[in-house]
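First chain written, first letter: the chains are A, B, C and D, and each begins at residue 1.
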Amino acid sequence: MPPVRVTETTPRFALHGLSKRYGGVRAIRNADFELMPGEVHAVVGENGAGKSTMIKIIAGADFADTGTLALDGAEVSIRSATEALDMGIATVYQEAQLFGQLTVAENIFLGREVTRSGRIDWAVQNQRVVDLLESFGLPAGFVTRKVEELSAAEQQQVSIAKALSNEARILILDEPSAILTDAEIERLFDAVRRLAASGVSIIYISHRLDELFRIADAVTVMRDGETLGTFDIDQLSVGKLADMMVGGEFAGSTGDRIHEPGDVKLSLDGVSSGGRFHDVSLEVRGGEVVVLYGLVGSGVAEIAAAAYGKAPVTAGHMHLLGRPYSPRSAAEAQRAGLAMLPANRKQEGMFSFQSIAFNTSVGSLDLLRRWGILMDHPREREVADDMIGRLAIKTPGRRQPIASLSGGNAQKVVIGRQLVKSPEVLVLAEPSQGVDIGAKDEIHKLIDQVCADGTAVLVATSDLTEALRIADRLIVIRNGTTFTEYPRGVRDSTVLAAASGALTEDEEAELAERSDDDER
Amino acid sequence: TRNDGGTPTTEPTGGATTSSGGEAPAEFTVAFVPKIQGIPYFEAMNAGGKKAEEVIPGLKWEYQGPTTADPAAQADIVRSMIQKKVDAIIVAPNDPDSLAPILQEAKDAGIKVGTSDTDAPNSVREVFVEQATGDGIGTYTADTLAKAMGEKGTAVIVSCGETAENLNSWIKIEEETFKTKYPEIKLLPTVYAGEDQNKATQMATDLMNANPDLSGIIGQCTTSAPGVAQAVRDAGRIGQVFTVGVGTPQAMLPYLEDGSSSGSILWNVEDLGFLTAWAGAQMIKGEPFQATNQVSDTIKDVEFRDATKELILGPPLVLTKENAGQFDY
Amino acid sequence: MTSRKDTRERLHLGRLLLTNRTVLLSFLLVLVVGTFATLSATGVISSGYSFDYLAAALINLVPLTMLALAQLLVIVSGKGGIDLSVGAIVSLAGMLFGFMHGMWGWPLLPAIIATVAFGALCGLLNGVLVAYLGYPPLIVTLATYYAMWSIALVINNQKPINSAPIQELYALSKAVELPLIGQYLPLIPMGVFIFLLPTVLVVWFVMSRTTYGRELYAIGTNDVAASWAGIDTQRVRALAYAGAGAISGLVAVVTVSQFASARPDQGVSGNGMALPAITMAVLGGVAITGGIGTVLGVVLAALLIVWLNAGILLAFQGNEASQLQLFALGAVLIGAALLNGITNRRFSGTK
Amino acid sequence: MSADTLARPAQVRHRVLPSAITGQEYILMGVIVLLWVVLALATPGFLEPYSIQSLLWRLAPIGIMAIGMTVIMVTAGIDISIAAILMVCAVTMGKLMTEGGWSFPAAIVASLVMGAVLGAVNGLLISYGRVPAIIITFGTSNLFQFVGLKIFNSQTVNNLPASRGVLGPGPDGRILGVPIAFLIMVVLVALAWIYLRHFAGGRHFYAIGDDQQAASLAGVNVRWRTFLAYVVMGLLVGLAAAITIAGGTSTLDQSVGKGQELMVIAATVIGGTSVMGGRGSVLGAVLGALLVQTVATGVTQLGWPSQLSNLFVGVFIIIAVGADLIRERRRKARL
């Protein structure tokens, strides 16, 4: 491990002994963090390590349980987002907060419009936006465009511009680059460097480790809610960083599982979907778990959705059970024998105020239909109780609304829905997102079980630990296409480095060698 | 405002137990259900009924109308009247056929049934208290308008509810009169403004604009009569376009005064209310109507037509700017 | 002294009353009927608030409840579901029924079936515009409300149809004695048995006993998740509107028979039939945001309002009674909605 | 986005916002012009001064209320109770003038106050009770009707003073031949247009309708703005009540305002305002109102059954909103 950095000047912002609990989840245990004037300070860590929670506390969007915050050496308390803004702390959250019907200029200045005798001074306001946009290489014409007319990446840039317009002394960027193209990232970096040069301190969160070496001055590594330390960037490499993030915690197999892969059940052959992903080829056999791993925005989720008929296929072919397969809807995919767990549990999976039984049976109504129209209630109860037992869902009973369950248990219900019909191919997108370690373990065991029954399982995930644990084969997706494939037992830092990009050939070879060593 | 009257005959209340004539109960209730509450016409009828209460011994007058001119709401009220076991129900139906069934129910419950102002000819009503003969009204409006127009030109009728029995019967007579007596007057198709003054004004305005030769408008009911006059006034065409209508005195007075209305016909609405109450009382007492009836000091010689069971208040009252001010409705 | 358990149970009961619309409505219903019956029995108001009267008032329950159930279907379907056009469909389908049965001499049954089918077609037009073309329901049904209202008026030159066959239909609305136990019960309007009960049963059956009902609740709860679960959300939603239209078609038959004439304005006169129906549905606990609502709640709400209105008509004289009905409806609706808002925030265990 | 679309700052200064007139409004103007031409050819009197004057006057109350409805719909709300508010305001004015001896202008002030108070009731219940606007205004519609009927006290208000003519369609109510009521509407539309487009507060209405939570995060006082929208609606209804009285007969009855709520909503959505919130313009709403009134006038002037006009209103709603949906879809597809 490289030496922890030592600094002499007063930090622009510092936090010490920070901890934060969400019910039973200890999102942050004991974090220390110092941000120097004019530096670009990266924060890295696995999903769920506590990065977002920490910046939310700095930005006044959430509050710490313990710990002290200091601005320019003086202790402060930040009680609201507005207070943070007043202190010069501006934030770009992971989720953009924009108004589609308003123009870019209006979005940037909403709530603090430039006015002259009551009227918004468009000339001044727009001029400031033009200058701002120029620094991102965005066309000045954007000023008067409605935000809904912009692409997701452009919207992201507008969010950043909005934060920059605040004349902040501290700028927080939470995964700003996840959905940007290389050229767009380049412009973002230019803006960040310029700001840093003018004395603004920047907190930069990213999973793309490679880019940190081009932009960051210092890196703080987080793991399981703790800060491992802050390091000068020169003393690190992608490999070292990845090693620290996973922290030796071996995330290998769940035991002596030996799957006997059967016939190919699902295959994709040079499949593309508009601008979402391209040239994806893979196959999944009965009785094996194939994991698609990639960073957020790499296209993993979209590939899974295309297999389920929820994203258009514009080129290439798919086959299911040996037959050509081109589903146009989820219903068609289900009839063909494929079921899918959607990635966004709240929006795409849960019928919040309906019961567990409802949520379990809703994906298989054709199975529960009698005489063409009747709902087979006894059978529904049976199925629900069976799922509650089989997936060990912690609940007083099947009549509970799913919204009253914890995240992990709710997720199990939604997974259970996909199992009712015993599909030939099961696609799972982010199966354990936002669930704690215990529930995660159970979900992974469940995947094993399903697989052992001969089902072909395709998992799309951006959670590396998970990918390594469950994969028989692990396919890394980068920039919207299949990048490399690893067998079971591959080293975590190898995969992370591959997915987060820009490994030199030497480095890749070196990592591969090390993972070979580990296996022996 | 609780209902302490209308108790059934078996339990006479108070001291007024001595029955005065025949088998009539000492106290009895006549309920009247207007088309709609809150318009001067029916409120004036209510006032007449209340006067009858003071004059006719034992009579209790009950008045309850819907807030919208809706047959369904009227039926509800009739139903509650049946339940209150009133002794007679007299209705001014919004839609004659719609109320026939509920009137049958009332009769089955032993209640005397009648209509007033508007008839329900296909119902079981035992009497229709009519303001004036349709002939009297229709010929007056047609004649007055024709005279004002100089017996030539184009005219139009702005009516109200499309299904109102009384209005439609008057319209028929007006059309007949124009055709036979004033062949030089061209009558445009009748338009319907509902019970809405503003709509009547707008329609009259549009018709004047679309037909520059239009010189006569009939406002067929108490909401459209002032409405069409207002249209002429706003258009600044008093003296060029003439209107007559069936309107209440207070509402028509300003228009009669400035000439935007050449004449309005009505009847003494309070008297109509009084007559309605009296008719109810007669039915309850089981006293048959005579060919001519003396109802009160002021309401004399009321004709009863046995064939149609129509009780006719008398000749219509022609409102002029001189006499309209004498009425307080 | 009350034991701790007692207190807990009482708390529980209070909470049930506040959070469960069915319990609240049942409570209000007992309260209203009890109050009026007591006032009536003690002679404070006229003595008419009897079982006979309550039974007779049920004639209003028939169209009101049926249309509220139509609203239940479309509001539960979510995405701003609402149907302002039901009254206009009643008018138009009623005129068609008048033509078929009253003028063209169709026998009753085929005429009824054709009327219901026509109503369903009108509803389907709404449904297709909403579900497949993405129009907001409020807009679509406002437009078809105007259009169908207009067509119903001009189609027979604003004249009602009240030929003999139509007038004879009043028999369908007469109050009847129930067989066997009827002599102990008041006479109940026949429409309750031949129109209302079947509709209630069918809608209840569809909503709670069929897979279609399940799909309907699913799309109303979460349209996106429903489509991920493999439900054809467009078809399900369009059919909900068609169902509402079919019920409106049946209501057309009900009103034509009840008033013994097919009036071109029967569904839109006064305040129209749509607004009271929506009010009844909302009062019955149907969430305007979709996915929540039961047949029982709607029936209870309609019953509450019908018997409340009937009581007000007895208790108050003159014009005041009709005016107070407006007040009572507004107050009950806002009260229930506010209560819901507060209790949901206070008691909801969801995150 | 190619490099040549990079506008120079100078250009930006001129085109400060998306085009001032939306596609929907151009289409509406086209349709209205077309209708006017057809009507001018088909009927002798359509273009006569008085015909136009009375059409413009009729536009005024609907147009004025449509301004308020636009603001409310932009915040993703709706107000079903405006017909009832109109009735209460009208009867208040009527009683004050005939029984209280108030002058017409003083009565207008009272009407505005009454409208604002009733609007505030709606606004309070909606922004603080957190109940959907449609439910609240269904309820208050009944309550306000009750209040109005109580004030009417089962009587009409007779002998309204002739001074009310200044806001009427007649000769008293015109300046240079143009109805004053219409001029007031034009001024209000202009003010509302400027406020909604060029003032921070105006833009905040749009932000609320777009994403209430994000607006709140950005520092917009969502509750206050929502409340304000309904108060403004009430004020405008109060004014519309004055104009309605001015153009009515000297007798006021309780049917005043009936059915206006749906007419105003129709005009507003024809004008391109989305019931889902975040989008809408007062100019469109007034054009929508003009279209609706032109159709009603045209149908009567053509001698067609007047009930047909509602059929056209329905068809226009479907076409107008459909055109909007198609444009929206095209734009999404282009992305």
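Here is the rule we use: a contact is a pair of C-beta atoms (placed from the backbone, for glycine too) under 8 Å apart; a residue touches a chain by one contact, two chains touch by 3 or more.
Each chain and its UniProt protein: A = Sugar ABC transporter ATP-binding protein; C = Autoinducer 2 import system permease protein LsrD; D = ABC transporter permease.
Only a predicted model underlies this, so the values are computations on that prediction, with no experimental measurement involved.
Asks: Which chains contact both chain C and chain D (ABC transporter permease)?
Replies: Output, common partners of chain C and chain D (ABC transporter permease): A, B.
Asks: With respect to inter-chain C-beta contacts, which pair, B-C or A-C, contains the greater number?
Replies: Higher C-beta contact count between the two pairs: B-C.
Asks: Counting only Cα atoms for the centres, state how far chain B is from chain D (ABC transporter permease) in Å.
Replies: The computed centroid separation for chain B versus chain D (ABC transporter permease) comes out at 37 Å.
Asks: Between chain A and chain D (ABC transporter permease), tell me the centre distance in angstrom, where each centre is the average of that chain's C-alpha atoms.
Replies: Chain A and chain D (ABC transporter permease) have C-alpha centres separated by 46 Å.
Asks: Identify all positions of chain D (ABC transporter permease) at which a residue touches two or more other chains, and write them in rising order.
Replies: Each of 145, 149, 154, 307 in chain D (ABC transporter permease) touches at least two other chains.
Asks: Please output the residue numbers of chain B that touch at least 2 other chains, ranges allowed.
Replies: 37-38, 67, 192
Asks: Two-or-more-chain contact residues of chain A, please, as numbers and ranges.
Replies: none
Asks: Using the touch rule from the top of the page, what pairs of chains touch, sorted by label?
Replies: So the chains that touch one another pair up as A-C, A-D, B-C, B-D, C-D.
Asks: Quick check: in the complex, which residue numbers of chain A touch chain D (ABC transporter permease)?
Replies: The contact residues of chain A facing chain D (ABC transporter permease) are 81-82, 97-103, 106, 110-113, 115, 118-120, 122-123, 126-127, 130, 139-146, 149, 151.
Asks: Which part of chain D (ABC transporter permease) faces chain B closely enough to touch in the complex?
Replies: Answer in residue numbers: 43-46, 48, 50-51, 54, 58, 145, 149, 152, 154-156, 158-159, 162, 168-171, 244, 247-251, 253-256, 258, 296-297, 300-303, 306-307.
Asks: Where on chain B does chain D (ABC transporter permease) make contact in their complex?
Replies: Residue list for chain B touching chain D (ABC transporter permease): 37-40, 43, 67, 188-189, 191-193, 195-198, 201-203, 205-212, 223, 226-227, 229-230, 233-236, 250-251, 253-255.
Asks: Give every residue of chain B touching chain C within the complex, in rising order.
Replies: 1-3, 6-8, 37-38, 62-73, 75-77, 79-80, 82-85, 95, 97-101, 105, 122, 162-163, 192
Asks: Quick check: in the complex, which residue numbers of chain C touch chain B?
Replies: Listed in rising order, the residues of chain C that touch chain B are 44-50, 52-53, 56-57, 59-60, 153, 158-160, 162, 167, 170, 173, 175, 255, 258-261, 263-265, 269-271, 309-310, 313-323, 326.
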